[in-house]
Amino acid sequence: MPTRQKFDHELEDLRLKILTLGKMAEQQIALAVNSLMNQDLELANSIVVKDLELNDLRADIEETCILLIATQQPFARDLRKLVAGFKISIYLERMGDLAVDLAKVSIRIGQEKLIKPLVDIPRMSGIVQEMIRIGLKAYVDEDCGAAAEMSLMDDEIDKIYSGVFGELKSIMMENPNNVTQANYLLFASRFLERLGDYCTNIAEEIVYICNGKRMDLNE
Amino acid sequence: MKAHQANRFASILLWIGAVAILALLVAFLALILGRGLPYLTAEFFSGSDGVRGQLFNSFYILFLSLIFSLPIGLGAGIYMAEYAPQNRFTDLIRLSTESLASVPSIVFGLFGMIVFVNMFGLGFTILGGSATLALLNLPILVRVTEESLRAVPRSYREASLALGATMWQTLRKVILPTALPGLITGITLVAGRALGETAILIFTAGMNVSRILFDVNPLAAGETLAVHLFAVKSNPLPGTNSDQIADGTAALLILMVIVFNLCLSIPSRWLQYRLQGKNRG
Amino acid sequence: MDKIVVKELDLFYGEQQALNSINIAMKERSVTALIGPSGCGKSTFLRTLNRMQDLTPGVKIIGQVKIDGQDIYAADTDVVLLRKKVGMVFQHPNPFPKSVFENVAYGPRIHGETDKKKLSEIVETSLKDAALWNEVKDRLHESALGLSGGQQQRLCIARLLAVGPEILLMDEPTSALDPISTMKIEELIAELKDKYTIIIVTHNMHQASRVSDRTAFFLSGDLIEEDITSVLFTRPAKKKTEDYISGRFG
């Protein structure tokens, strides 16, 4: 006879909430980059408002984790799931915050003509979104192989970022009038680079759930 | 609702039972003591037909019978409770004690007469009487001892043994002191029975009192109070007021048993309270 | 240093085997917790360490239990001395129906101590070590059965300490106590660890995780897993251990 069914249901509910939070974060990032590309201020503003929902959901997840630790007093894998789930929710919320930062960049740039066609930023965003999707699936399947593989994708982001950095630097040096917008774009790519790091952190948590080992995947 | 009514009904029934016991005892005491107490004068004890000899004999026989039965009874009981393995042999011993306990006392009396009075040729003696009485009480003593010892929680034994005590130390310092109240109750029971016993003593200790007052010679004949009561009532001597003597003796016998029981059970209760830690407040 | 080393220990109740080839070592001045479901053999195992298991009729023990390098099942072992060295605390507090003082003095007395002054000293030290002195110093001569359950259990620990043991075996020492008394005993265990080697059987896994340095998981007479407590409770190596400690059995 299966035991602790109630606890298992509660763990499943927690997992669904984290999954929801993850999907919301991914969408916020996608929309933020869209608003930047299309210079859509309305969309950018809606992202800032939407972030409140992510914060609320994150607080709800935290509450659930604390309650389950206090009442179910979990050990071993259950304990790891709760602790890791708690941390993943924090990372996802921060990713939401970075999406807001991206949106703010597009607000700052406003309708000003872009100094260059945006190619690398959507590429980085695409990789981050892919990482989130793989990460969420690996979290649901508790598949540490997939999580570790996902973390490798961060290397590509880092590479693109250093390319963007060089490119923007030379634009700034060429024409001082472009410095402000170039800086904003540099911020934006920096935010995306940070998003990749958070994905890697999430991958570490998934590995911890699987085998209880702490691994540094940011190498 | 039905269960509730049944519950009330049972409570009332049980209460009636308990009260009936009390009422019976009160009625009994009132009758016996009411009739007998007026005759309990100095004359009754030390007059020409005085019962002081019988009174002494009762206690003397009781004392001797306990001397005979206690070591064997306690010993066997302790063995059965603490040392004996559970097997057919111990089952047999237990069965034997139970059978012995249910033998009618008159049969013990006849047995005592055949063995002590006739075979050993002692005649009617205090010795024969107390020895036979001891036989009667032995099975009960074994039983009571075994049960009081078994009532001592196993955890006390474990605690003592785990501290490195031997079985004998455990027995002496923990089990016996704890079982003492139970043992005293058992001895009281046995003693009460011995004080009131007639059938055995008529056949073994006889119905005469030594002419010497307080004769400690165990080979003298020794009529006890209970036997005296039987003798006076069943075979009244002409010229004596046998009814009065019988009433007085009965009252004395009752008083004696009550006082004797109290003497043992009050210290035992006190001990028990002390052991249980209920002496506070 | 290993205080207790158990090698290939088998135990039979008649035909039935209750312990299967147990191998374990316990370090000096550490706390080892034994956990597992009822009937898994953990209490049985505990009782082999002071040979209390010998008291059960029909028990057969094969294998080695070495304490300080001495096989306690060797023919020349003095069980009295062994039990003086390896004391035991039981599931239900079992003080004798004697005064507090007499309870603690019982052990030293049976081991031959008669000097009144020395006995008083031993009683006081033991009660202090068991964190009970302040609560009972004014009622040393009252019955121990008048103490609360938690106090009785600490009295039993004091009674044990009075004979000067080196190893303390505790068989579910708090399962009959309320949470506050339980915490006091746990605190006490943490203090006693500095002087004694402690082995505790407990059904309360959180207690095991709180008080012990190492934990051993028993199941159906087998020692399934033994490891550092923090490791065993966060990432056990064996599936059976995982299932048991996360409450998903069968």
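The letters A, B and C name the chains in turn, as written, and every chain counts its residues from 1.
Here is the rule we use: a contact is a pair of C-beta atoms (placed from the backbone, for glycine too) under 8 Å apart; a residue touches a chain by one contact, two chains touch by 3 or more.
This structure is a prediction, so every number in the text was calculated from the model and none was measured.
With respect to chain A, maximal separation of chain centres occurs for B (centres as means of Cα atoms).
Of all chains shown, C has the CA centroid lying nearest to the centroid of every protein CA atom.
Taking each chain's centre as the mean of its C-alpha atoms, chain A lies 91 Å from chain B.
One finds 52 Å separating the Cα centroids of chain A and chain C. Note: centroid distance chain B to chain C, computed from Cα atoms, is 46 Å. Interface of chain A with chain C (complex): residues 1-4, 7, 73-80, 211-213. Considering their complex, residues 205-206, 209, 233-236, 241-242, 245-250 of chain C touch chain A.
Listing the residues of chain C that touch chain B in their complex gives 50, 52, 55, 57, 79-84, 87-88, 90, 92, 94-98, 106-107, 109-111, 142-147, 156, 159-160, 163.
Taken together, the chain B residues at the contact with chain C in this complex read 85-86, 153, 155-156, 158-166, 169, 173-174, 177-178, 274-280.
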